[in-house]
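Below you'll find the structures, each written out as structure tokens.
Paired with chain B in one complex and with chain C in the other, chain A is shared by the two complexes that follow.
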Partner chain A sequence: MEQNFQHLYDMLSQVQGFIYPNELDLQWGLLIVLYPYITGLVAGAFILASLERVFNVKVLGPTYQLALLTALAFLLVATMPLVSHLGHPERFYEILMTPHSTSAMAIFGFVYLWYLMVVLLLEIWFDYRQDIVIWSKETKGFKGRIYKILTLGVTDLSPSTIKWDDKIGYFITVVGIPSAFMLHGYVGFIFGSIKANPWWSTVLMPVIFLFSAMVSGIALVLFIYMAVSFFRKQKIDMPALDSIAKFLFYILVIDFTMEGLDQIHRIYEAEESFEILFLLVHGPLFLTLFVFQIFLGTVVPLISLGTLQLYKPSEKIRKIIYLSCSLLVLFGIFFMRWNVVIGGQLFSKSFYGFTGYKLHLLGSEGFLFSIIWVIIPFFILAFLLWLLPPWKKVGQHENN
Partner chain B sequence: MSNEEIGKSRRKFIKKAATVGSLLVTTSLFTPFNAVVYAVERPKDPSKTWWGYGIDIEKCIGCGRCANACKTENNIPKQPFYFRTWVEQYTIKNDGTVKVESPNGGIDGFVQSVPPEDIFKAFFVPKLCNHCYKSPCVQACPVGATYETPDGVVMVDETYCIGCRYCVQACPYGCRYINPAKNVADKCTLCYHRISKGKTTACVEVCPTHARILGNLNDPKSPLVKFMKEHTCLVLKPHLNTGSKCFYNALSGEVR
Partner chain C sequence: MPPQLKRLIPLFAIFIFLFLAARSFLVPKSFGEQGHYRFNSIAENKEKAMIYAGKEACDDCHSDRIQEMETDLHKGISCETCHGPGSAHIANPDSIKPMIPKGRDFCGMCHSLNPSRSKLVHQVDLKEHNVTENCIECHNPHLPCQMKK
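On to the complex of A and B.
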């Protein structure tokens, strides 16, 4: 039994100042960093897709389905880090069966299911229905059987039905935009509503989460689009890529402004918690906040993408810049989640000291187990692209 | 689009927005938003109990018997990371800096690490769950496994808790931990198994200086109400509006 506590005894040496005795062990580790990260990728990718469909940004056409499938691939695993970190994962259904009406966390299951079932699955199904019916007739074997099941028995391809598919798809996207906002704004609220924690408790938290989600989702689609084109040996549609990068730049500006506003507000108000938060960002969070999140993840992409809005070098150079920026943004937003989740637990609620966090390689909260939840979505996406290749689509929705 | 058409579409938009808005307001009337929930109201009937707790900082000698008795009585893991109650030693130095210590929750007693000539003042602060009646932990629990009893004690149903740890994050006082054997949230129950049988809590029972007082806030003759009448009592972190029912005498501003 003593062995199990060894890591906690080791941790005692990392404590600086005073912490409440129960605060030594961090309650939320890497898995809970991944939860808002993955959910954010989903919301961001979806919002990019809806830009094309609802806001009629036709130039983004080549990435519409890719963005939707990316959102789905990540959404399918979004709950897994959350469920697997529970003390009693087998009781997770209680959150759906007996949700507590006053809890900010209780509604997550419903928001998630709404988004998965009503928004994403339906939108993809209506968008692909015509193709699924055609493919179910053309394809043989196992794949053909999957298509047959996916038609759900609806094989009508008359022009009026296809028009209806399109109308319903459009309607779902319209509903989907506020849903995507809700999904991630809500995740921000889970943290922002904890008044016990001054690092989390800010009314801007849902807004910051939302914009950082959009930033990360757009960066992800940008990266995946380039990667998929590379593997398929297809020429990249440069106007589409330029537009995605332009949106990434705009949203990044808003995101950075919001986060800056939050920090300026904290610094100017300098409440009771100011000293401990000052020590937090200059000590345990220095590397992950100033270097990873702000410098590499925000300032470098902002300057690079901003420059490209004024000056356009050759395609090759632009591609390299876009690729690096998308990876840097994904890296930076990961550390933004890290700084919120881990940073918020490093200081004591007594404001008199810090505990430490050591990421283990193995174990249920360890690095290897957690990283699985980031890798699996790429396999799911590969499967989805094999099953529903956007480049083989016949049916294209009209822009309403 | 002509001006007239714009006017028409504007009117349409305003009409639609008004309909949606009024629908939202109407629905919210049927299901009032109750996030700031007074989970249990103080019983109006004076014969009903409403548990509260008092701590006299002036009397605490930092012996740590309370923390030890609590661990024994409630079968709490002996490791120094799990406490339902503990004692903190506050030392205010002459230069105004504050040193706080709580080695093993005070169970093994305290050694003053600051040289006497540097000390402005020093005192002990026992801590335990504040049994708030606007509990942030009860508010946060996603399944309702944390609840308040009708007599004002915050409890955890260990057969129901999913171990999400949100309540641990929500408690401003650091009073909750995850029980390593059961993987559920754990905290002070105010020795509910004892007080509901007319006994007092383990920590109150062993306190040699009567620094800890358990009492019924609804009974004007209870020792707690008497204590609160005779002393200027404060709660911890009052700005968070948690409705704490743990009242401290001689609470210094440095204590958090």
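On to the complex of A and C.
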């Protein structure tokens, strides 16, 4: 009992002003920050891939498969931060067994499954089917056996069947775009629909989440494309890189405008919660919001990518700028999620006080454990690139 | 029909079937009986051992203390607020003793100076109010207005 009091004193020492007892402990920590972050990377990477296929942006060809595989690698771990945040992770399936229309989280499980099974896996399968069949004949041993299974027994390579691959693949991509919007708009909805929290509750939340998702996903593919080319000692396709950066710039402009709009709206409305939010962004969130998210993560990339739209320096300099911008954007969007998730829990519902958040190094909510969920996707991606190398593909989809 | 779909449609059908089959095993028996929850959980929770006993339960043996407290300002505070959960103590009064909070911080949880706290609860600055001694050296915790010294 005494040590419980000790814990209470420790917690109380990080409180400022008045808070309600249940606000003392911040329940959603780093793991819940990672959840919208990783899901956003998935949606963004997928939308970049769809640009090439549905909107016919041919220059992006070299990154189409890479973007899809990146989306898959991150999608496979997207739910893991949530599951490992549970006190009883082994019970996670229960939410899928007895869903309810009033539970936003339960429906997320189905949105996720739809996106994984019907959109991503199928799109990749249709895109690669022809190659998988060829590889399954050429490759021996274990890898060959995986290819055999992956063909699902459809080994027909007649032109009419290949045409079907193309048509159905295209159709799935078209269905996939609203699905990707749903997947991530949905994550925004989970926060935006919490009407008790003035920092979260805004109808713009799904939209903001969506655009920041696209920004981070595009930056991720930009980074991975450069990294993969570097490791494979391949020349980077500059037109592709330039146009990814161009899209990154455009979407970043929209994203920044949307978030600005949201804040202006909030400032102009100046509801009763305004004072505490003002203190929030100037106090506990100052570093992560103004410095990390807005300055480093948005303004610097906006200016440098914007300059490149008018003036093109040598390839070498451009590559350095692209690399640093993609990393800055990834860093900035991470802190955007941080500011939403952590920021929304720092102030009291009474609007009279703050609690604190200390990130621990160890423990199930700690830094070291959480970082695993960011590292694993890269290993999955490496495996996927080994299994389904885009650079060895023969079959190319026609752009319909 | 394209050969791909001939393969995929049965595969998805199997997947959905497996999901439904798993669901029929995994949904607990009493789920949905009285609403969107597992009805048996109510009976299970009722069986749980009590941890807090309530002020009335102390009356059997400490009635003098309770009557005494009625006369002073701490009367609104239940015994277990300060002494912690008491069920185990009631079952074994001689071997299990409730906690007795002695530190200054403890009284400070309700009495330390805090501008957002109601003025109805008297507050002292813990850094100034008789710092060298424990609160209970002077104040009787059960009869706070009565001074020991």
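The definition used in the following text is that the second predicted complex is superposed on the first by the 391 of 400 C-alpha atoms of A that agree within 3 Å, B and C clash if a C-alpha of one lies under 4 Å from a C-alpha of the other, contacts with A are read in each partner's own complex, and residues count from 1 in each chain.
Note that in this section a contact is a pair of C-beta atoms (placed from the backbone, for glycine too) under 8 Å apart; a residue touches a chain by one contact, two chains touch by 3 or more.
In this text the structure is predicted, and so the values were computed from the model without any measurement.
In this overlay on chain A, chain B clashes with chain C.
Set side by side, chain B and chain C differ in how many residues of chain A they touch, and the one touching more is B.
In the superposed pair of complexes, A:G87 makes contact with chain B only, with no contact to chain C.
Residue contacts after overlaying the shared chain place A:L152 against chain C, while chain B stays out of touching range.
In the superposed model, A:W28 lies in contact with chain B only, and not with chain C. Residue contacts after overlaying the shared chain place A:H100 against chain B and chain C alike.
In the superposition on chain A, A:K195 contacts chain B only, with no contact to chain C.
In the overlay built on the shared chain, the residue A:M117 is in contact with chain C alone; chain B does not reach it.
In the superposition on chain A, A:Y352 contacts both chain B and chain C. When the two structures are aligned on the shared chain, A:Y20 is found in touch with chain B, with no touch to chain C. Chain B runs into chain C after superposition on chain A, and of the options 9-17, 27-35, 63-71 or 117-125 the stretch responsible is 117-125. Once the two complexes are overlaid on chain A, the chain A residues touched by chain B in the first and by chain C in the second are 5, 8, 12, 17-18, 94, 98, 100, 352-353.
Contact residues on chain A toward chain C in their complex (touch as defined above): 1-2, 5, 8-9, 12, 17-18, 93-94, 97-98, 100, 117, 122, 126, 129, 152-154, 156, 161, 164-165, 168, 352-353. Across the complex, chain B meets chain A through its residues 34-35, 37, 79-83, 86, 88, 98-102, 104-105, 127, 136, 138-145, 160-166, 168-178, 180, 182-184, 240, 256.
For chain C in complex with chain A, the touching residues are 2-8, 11-12, 15, 22-23, 26-27, 31-32, 36, 84, 99, 101, 105-106, 109, 114-117.
Against chain B, the residues of chain A that register as touching in their complex are 4-5, 8, 12, 17-25, 27-28, 85-88, 91-92, 94-95, 98-106, 108, 190, 194-197, 345, 348-353.
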